[in-house]
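Several structures are given next for inspection.
What follows is chain A paired twice: with chain B in the first complex and chain C in the second.
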Partner chain A sequence: MSLAIAATAPDAPLLRTGHAFAAPAALLLALIYIVPVAVLVWLSLTDYTLGAVETRFLGLDNFSHALADPVFRRSIVNTFVYVAIVLPAGVLLGLGAALLVHRRIRSRSVWEVIYFLPVTSTLIAMATVWQFLLHPRLGPVREITLALGLGEVAFLSDPALVLPTLAAIGIWQLVGFNMILFLAGLSAIPRDLYEAAALDGAAGGIDRFLRVTWPLLGPTTMFVTVTTSITAFKVFDTVRVLTEGGPAGASEVLLYVIYLEGFQYFRIGYAAALTLIFLAFILAFSILQAAALDRRVHY
Partner chain B sequence: MAAIGLDGIGKAFGSTRVLRDVTLAIRDGEFLTLVGPSGCGKSTLLRIIAGLERQDRGSVTIGERRVDALRPSDRGVAMVFQSYALYPHLTVARNIATPLEMQRLTLAERLPLLRLLSPRRRRVMRGIMEEVEAVAASLRLDGLLARKPAELSGGQRQRVALGRAMVRRPEAFLMDEPLSNLDAKLRVHMRGELADLHRRLGATFVYVTHDQTEAMTMSDRVALMLGGRIEQLGTPAALYDTPETLAVATFIGSPPIACIPVTADGGALVAAGTRLALSAVAGAATLGLRAEAVAPVRAGTAGALPATLRRAENLGAEWLLHATLDDPAATPIVCRLSAEAQGAARERGLLGDRLWLLPDPVRAHLFDAAGRRLVAAAVRPRVGAPA
Partner chain C sequence: MRRVVSHLLLGLGAAVMLLPFVWMLLTSFRSASAVFAGFGPSAFEGFGNYAHALERAPLLRFMLNGVIVCAGILVVQLLVAIPAAYALAKLPFRGRGVVFGLVLAALCIPIQVPALPLYLGLARAGLLDTYFAMMFPFFLSVFAIFLFRQFFKSFPDEIIQAARLDGAGEFEIVWRFVAPAALPAIAAFSIFSVVAHWNDLYWPLIVITETRLAPPPLGMLYFRDAETGSNYGALMAGATIITAPLVAAFLVARRRFIQGITMTGLK
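And then the complex of A and B:
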């Protein structure tokens, strides 16, 4: 109604009121998102370092330097390897846990709490616990690897094992959250559909899952996939606490490299350029997934 | 096509007894409606026949087979749900095809990716699609086969649900309030379509509804359920004309029947101080008068009940006069008059604020204190009473 009025007879006071109502949200949006990104873009074009007296404008030099930088390129590869492990495992294990827990009537809340505990804990603190658990000399996991005949396994200092180990910790932290999301999706599936499926002959677990559960979880799966991949892309805490990028850069990931550049070496301009590249990756990833999954999501 | 037998079905959810010893023989090819207020157990009974719910006691036979141990899909019945329960991600064609796919394709041929390896699958699917198209055409869904359920109207979705039920040629159709989600006009239309469908298929229909109009208009027989029991089983006419209990009389009929407490006095029935032109029957406690069982007469006519007119509804071909009797224990009474009769009564000055309503002895129902019907023959005009 008010739109129609504004369109037919531009009413200055009405327009002003509208702007006034939109102003707080617009202001916050600008302060929290738009201005920082603009500043980031400007910084990424300079050689600004923290406390520098004068700053030079470099154009795109930071970006060409980044793309040629072997440390940065390795961190991109490492991050993708990490995401490639965490994304499918985190989503599928979350779904599996949800399917198992959903059917429990009395014990459901107990399982929910158990799986959700890692989400509520502080990852930095938990990382320290994992460090102890996985310690090749002192950790309890040592007993298991010895019993399996694998000898002492240096989970965090073997370059081939460090990324999968960090990924396992990331999955452990994510599964509970994904499970809760999938549980919400599962309870939204009407019971009628399962009953119709039972009468149609889709009574077995596989048929029920393929004909009803999985398709109707489409929107949930898409949401979980996007949030999981973004979380995985942002891996930082475990790397910072457990490996500091080591051994020999085998666990250097994007955010850790940005952190080093910006807050250890104080090369703010260069770090800003890396951050922009990181943002571009996340954006591309989200758009790609939304487009791919949208075609298979049904309403 | 098959008869369905229910023998001593009992069911409780926790401490709530939903069904108490229900025994019912549904004839082959019959349209039987289970009707009753919500919570009477009608849906549970239907779900027990379908196998979606397991009875605590009793057994179900479909055709010659006892089906208690069979899965829903093996019982040879199809079900139509109130919510339609269509698969939202599948097209109309695939929705209808689902039961046949489940029957005719192997598990491997139903799996994603793996199914592409089977050359047999394409052949089978072609056969299935031919049958789907035939069913869709008979339901006037031909143009909609490629659509998703979300793109259909309520009536179209209901027809897709019917198609999915029909395609497997079940021995019996089970329908759980299939018209409840449709608007009033469409519901009337679909009533006709369902009755046609029943005639065309000749299959057994078991239909659950809380709407007595649906029960009365479509069914061969109606089973009225109250409190987990079948209160009365009979043709729609039998339920209306000879209700066995007061509860049946009150549930069936619109506008509702008026219930008036009566006492016996010297061979005649007395209601609210009025000696009625009805002979007393031992044990009579309640007089039931439907809207067509009373007529307006002159003030002071012997045997007429005085009442206060509340409102008069003009339905075009007929009028409904809503009134309250002077006895506060009596429920509101309605008098149905054809348009001509209303005109005549008005000319004679019978339709003031005060009405005098004379019961028709033949159409009056009498019930005892326990609500049981007293034999119809006992309700007869008192000798010498004005007709």
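And then the complex of A and C:
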């Protein structure tokens, strides 16, 4: 009872402590998020370049320029092609691995370690290893492509292959992460539901999967889908290390173009506009996530 | 029969997962002439490639930079987020709703969004090419605040009240009672934070141009560019050295690692 009173009538020292405890976080929130985002919006309306003598106000010109810019449009297409490969493969392989690992009792932890290893390892270093593995003349994967009668395959320098190859490395890195999320979802499904389904006449593994596992994994699947989309949408490291956007722009993705415009060419105003477009996509993914979670609550 | 099939499939997947690691280690112990011998046997070269890699690039320096940056970020993150999360969970103060709303909004904003203005600000302050520039944007982890608040909320009010009656100040309550009770969450977050920042390339790439300040991924990039096309043995030895600390830590604290890194999905 006394607790309720204390909660409704806070005394002055507690109020002050609350402010003091939240103050450093609030200050950093302002310095790292609020002020920079406000500055970003302002920059996106100007032609600010680093070292320029004067800066003009452009209104929305940067945005209309972006929409007409072939480099930017290509980077959007490339990014979505990359997401379109990583998303289904990353989610389905993660789910498949989880379903297989879930039923293993003794060997489960061994599989977990192996599949999770790429998640913890430094991607820049491992990308360098992949580049060597896939090297058309020097890498060991050459043996496989030759044996399959494909000849020498230039995985990273053929414009048609570069995005799928980068996507494969991206999938390699995140399957273990998705597998762990699915494993958590699987262990939350009560055993007796399977027994009930069996009594209802669900025979065989596929039937059981469709009637019990898949519907109950819904929220997990939704979550994995959205996180995978966001991760894939933010692809940058492998592009920077392995292709630098090439060959001939075939692997220029959104973040890489923003990086070039902002930090290599120093066209700050234009890069700011591109960053806001990037943010709009990220927010759309987040809203999708919130909406999906909201809808699934009624399960 | 079913068991055999599932082990077979898992084994196939595991082979793909492990392929780069096996290849990296194999090549790092081979002499330059045997580097292209495929998976066949070759003479054991010893640690010659490692010695060469360490000589060609300050790899240990890169790792030290990584330790400094990760430790600095983590300490400030915890010092800022724990009291703030406690205030949001247990202390009534004006503006609490606003601060929490902003924390939630900031959760959706990746570093690439404030990167340009932060870069301009740090450049104007003459702070580019410093450890501070590498750490500053990450001093506030809104994710930590969000996570710790969830944990602190379930801490019993009765204990806090009793401590207050015993004359304990709020500072003491946070650090002596509330934070220790959330130690599993703090440990999981710490692993998440260290892994994220040890492996981060984007931000160091922007604010660091001096080799001696480079953290491991940026250092690897410099090293790779310097060695291109010449010495794969040394390159793989370098990659092994850079990757080793986190992989070793992962193998030692397997559960905690998996929990920490996937925590975003398990909350």
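We take it that the second predicted complex is superposed on the first by the 249 of 299 C-alpha atoms of A that agree within 3 Å, B and C clash if a C-alpha of one lies under 4 Å from a C-alpha of the other, contacts with A are read in each partner's own complex, and residues count from 1 in each chain.
Heads up, the rule we're going with is that contacts are C-beta pairs under 8 Å (C-beta built on N, C-alpha and C of every residue); 3 or more make two chains touch, one makes a residue touch a chain.
Owing to the predicted nature of the structure, the values given are computational and were not obtained by experimental measurement.
In the superposition on chain A, A:Leu92 contacts neither chain B nor chain C.
Once the two complexes are overlaid on the shared chain, A:Gly201 sits against chain B while remaining clear of chain C. In the overlay built on the shared chain, the residue A:Gly218 is in contact with chain B alone; chain C does not reach it. By the touch criterion stated above, A:Leu210 is placed in contact with chain B alone, chain C being left untouched.
Which of chain B and chain C touches more residues of chain A is settled by the count: it is C.
In the overlay built on the shared chain, the residue A:Pro190 is in contact with chain B alone; chain C does not reach it.
Taken together, the chain A residues at the contact with chain B in this complex read 190, 192-193, 195-204, 206-207, 210-212, 215-216, 218, 298-299.
Those residues of chain C that touch chain A in the complex are listed here as 6-7, 9-10, 13-14, 16-21, 23-24, 27, 35-36, 38-39, 79-81, 83-84, 86-88, 91-96, 99, 102-103, 106, 108-110, 112-121, 136-137, 139-140, 142, 145, 157-158, 161, 170-171, 174, 195, 198-199, 201-202, 205-206, 216-218, 220-221, 224, 232, 235-236, 238-240, 242-243, 246-247, 250-251, 254, 257-258, 261-262, 264-266.
Put simply, chain A touches chain C in their complex at residues 2-3, 6-7, 10, 14-15, 17-22, 24-26, 28-29, 32-37, 39-40, 43, 50, 93, 96-97, 100-101, 103-104, 107, 109, 111-126, 128-130, 132-133, 138, 140, 143, 172, 175-177, 180-181, 184, 223-224, 227, 234, 236-237, 240-241, 255, 258-259, 262-263, 268, 271-272, 275, 278-279, 282-283, 286. The touching residues of chain B, when paired with chain A in their complex, are 50-52, 71-73, 77-79, 81, 83, 85-90, 98-99, 102-103, 107, 110-112, 148, 150, 164.
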